[in-house]
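Please read through the structure below; I'll follow up with questions.
Going in written order, the chains are labelled A, B and C, and every chain counts its residues from 1.
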């Protein structure tokens, strides 16, 4: 089949969504299909630009290319999933979050514009009216599916997929550090982890891997660590390559991952693949679909105190932590995450 | 956000309005009349740029002070919908209008003809003559621009002409989600613009349950008391009334009391003296509410002529009805739409003659006029009651989301047109094709 | 609740899009025009009447307004009394009335002031009532005349003064007009001067361009000549004399050649007229003439043609193909060509044979003589003494061609053996050697056209 994957790109910025699209594309190739990624450049400010992009997507015609039909369009992100096609399947990574669950959030940008509520309603209208055009609607996770139902009244099926290079993860004996791999930005809550670290009674060490989108955010975190006087227990690894990352996973005592309302979260799955316990929070979203409290990891309140308690616990109970980690691996296997499964569902 | 989907929850509403003690009937009569019902059924926030306001209002709803250049958008966005009360007086509505241009909301348009507002705002308040000319050009083309230049050069000598021919109503409604109007004329005109949804609601006036209309106190015996009140500008036709009265042989059967501020009172007194009406006409100047109400209670016939009118529904007229008074009104604008059995109309071309014939009829038999007063009170109670008005406001507020989507369609259409205009010269099918695409997304 | 339905309509949206497009185009055009418009410095406008300033308190004396005239008066009257400009219709109507003399200014002011609109506007016009009244009285049927007369007498001193005033007003207006015309005249003069300067500049430019072109042309001619030299395009005149010298050097004397031609006489004796293609020095022609056989020749070499003519021979200076093309079918008894066919390309040779076939009378004869390549020395050396020879033509080839072109009774005549060069000896070697090296140096191929 000839398949186009419709997604969105923010030029020069690369994240999980790009990896997801590429993973799908590769998997389709391996299954013998012709597949390509169609990425629309997206600018969401000032808010009225979003409406322009919606119209632009609706004006595109990808039903056939040079006389040959495009058999299927798989839409991943807003507003690319609004591109019309008779055989469209949506696998929604997330909607335009600042119009929905992040509307009143401190992280939102839309609410700060005078015409913010107007654009918000327009986005909801577009989603409500046009998402059902697809012949099937899948969601990246149960979290995303629930949001879609709650805000737009649309039913969708959660469809999980494996993280990239799943087979390459391994584990070894735990060393003295907790590992927190993630892009450095506010929603991932590295700041919460730092505050928690300052409250531990043990000399817990925390390694952060990842770069920030904004050049001044890393220095900000570093100075925060210094102010909290924990900078000698914190390691800033910056951008590391995949091998290095897997090595850290393998040697970590536990993986810390407390983002706010994450859509999916590769980190959780990678930790499970590396047989390590995951420390996450009640409002973290995606990770909660995989982590089982006190079975494969710890789920705490999103406060520094609660997280500190969790850090101390794994620091003091290494055996327990390791057992949880192994249980996490078993759980991963039981989930049957495979690209074959994904493709079968998407192309049904 | 989920609250939006649930009907039972109370709506959160921003209400931009002049507040008492601002000297406008929109604050005194209108707002005070509807506030109890409105605040009771919604989560209301009053927004004002005034430096002082009647603190008693805060028992009903919180008051937020703002500066139009520095207003908190997130706070406005958190409400379900924002209402803007806009009228012809730039002192009370300039800031409101400025905010309305940036954060789309529902405009309650108290005056249809708002040329004075923009003339004063641009030329006097902002010293921006170019801005005024630009708006005139934008809405009325080269002809409007020429007329505007006339106005500027002649010191607004042609202002009446400008008000009538170039009302600038769409500028007041720019960027709004929908309009609420109080007169048939305004409804027809805004609907004809085919851009904004428009709703008609009768101007409200509150009536206490045990309302004493004073009719029983009114002894129908001579001399009959005629009353005029409010700001006695040129459009109140005072000279015409004096002329009609003085030419009436039976004039001694009447007394005329004029309450309210009078520009150039001295020359008015001279005219009264010249017409030999000194013993019949009394000028009271500005009068506090209680005294005015007392006077209204003991009057027999109110005279509420207006020309020219801004197309507004008159709060003072409702006040006249409140006291079950019969009244003489000019046959223009909103007044034309009033039923003949609640008011007596005076034709513009025959002002003196009509006034005199009504006065004579009153002398001959005052009973039908008294009945007219009673009927007008009934009309007030039925059609102009605040609960009914607030229900309409809530219905409009509930449709806000729909209005926003519609507005997004229009905005997008305009931007698409502007974009295409820079690289196509003549396109016959493009507008329809793009319009169809837009309706695909934003239509029902 | 009465509400105007807020449904989205496609045609309304399409109209919005069109309007925005039009507005954008207009903006762009205005911006463009503003950029490209040149500042105008034309003559100033002439204003004979002052501008009207509205009064702030809406109060005027009629004298303020009466000092305007004609169109300006009508506009001022409206602006003062009705506070607006008159529209087109009103302006034309009132102007016409004024100009026709039916109404005067007072009448107009009164009409405006006492109209419904005028009363509503309530502007104060002092000094209007009395004149208006008098005017009215003056229009009464009989009494009117008396009134007008009386008024006129009363006003006479004023009228005289007004007259004088009017006279000086008119004079001042004329002066203004004169000044304006002078100013305009000056502008025109300066424009004319500018014009002349431009014309002069243009003429200079033209001259400049012309001289440049001439220079260019001369250069071009020089270059072209040099180029032609390079590619060897010398005038034919030079080559002709060279050729003559060549032939004289290598061909042999005239007498020798003439002798050799005798051999051919039997072939052509009863086959006149003879056309000799490439007649050269004319030996053959001379021989034929001597033997009273009609003959004419054609050659391109102008020297040789001159020479032949000088001997009284009939020779045409022309390309032989062109000559043949102009010759009628079956008009020649014999066509001969001595040492010409080795000059042609194969294609030309075939074409020549075709032409010969056409021009010959039935039974006519064609003779071509050419160097014999069987003689090795000729084929490898002497053939090329004439640089315009192409390549040797083998006897078998010519025989084949003749047959192929339809000639019959084909004969190959070996000619001019090199007796003096033979080696002595009797054996096979000497025989062969002599045959290859000292055998016939030329040969002739003879053919006849079918027919009588």
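To be clear about the criterion, a contact is a pair of C-beta atoms (placed from the backbone, for glycine too) under 8 Å apart; a residue touches a chain by one contact, two chains touch by 3 or more.
Not measured: the values here are computed from a predicted model.
A.B. asks: Would you mind checking the shortest number of contact hops between chain A and chain B?
C.D. replies: 1
A.B. asks: Let me check something: if the centre of a chain is the mean of its CA atoms, which chain is farthest from chain B?
C.D. replies: C
A.B. asks: Can you work out the whole-Å distance between the CA centroids of chain A and chain B?
C.D. replies: Chain centroid spacing, chain A to chain B, equals 55 Å.
A.B. asks: With chain centres taken as the means of their Cα atoms, state the distance from chain B to chain C in Å.
C.D. replies: Here the centre of chain C sits 76 Å away from the centre of chain B.
A.B. asks: Starting from the mean Cα coordinates of chain A and chain C, work out the distance between those two points in Å.
C.D. replies: Chain A and chain C have C-alpha centres separated by 73 Å.
A.B. asks: What are the residues of chain B that contact at least two other chains?
C.D. replies: Within chain B, the residues that touch at least two other chains are 415-416, 434, 438, 442.
A.B. asks: Note the residues in chain A that touch 2 or more other chains, in rising order.
C.D. replies: Touching at least two other chains: none.
A.B. asks: Give the list of chain B residues in touch with chain A in this complex.
C.D. replies: Within the complex, chain B contacts chain A at residues 1-2, 73-74, 76-78, 102-104, 177, 401, 404-405, 407-408, 411-412, 415-416, 434, 437-438, 440-442.
A.B. asks: Within their complex, state which residues of chain A touch chain B.
C.D. replies: 48, 51-52, 54-55, 58-59, 82, 100-101, 103-104, 111-119, 121-122, 125-126, 129-130, 150-151
A.B. asks: Which of the residues in chain C end up touching chain B in this complex?
C.D. replies: Residues of chain C touching chain B: 1-8, 10-25, 28, 53-56, 58, 79, 82-85, 116, 120-122.
A.B. asks: Quick check on the complex: what are the chain B residues that touch chain C?
C.D. replies: 146-147, 150, 153-155, 157-161, 178, 187, 190-191, 194, 197-201, 234, 239, 307, 348-349, 391-392, 395-396, 399, 402-403, 406, 409-410, 413-422, 424-425, 427, 430-432, 434-436, 438-439, 442-444
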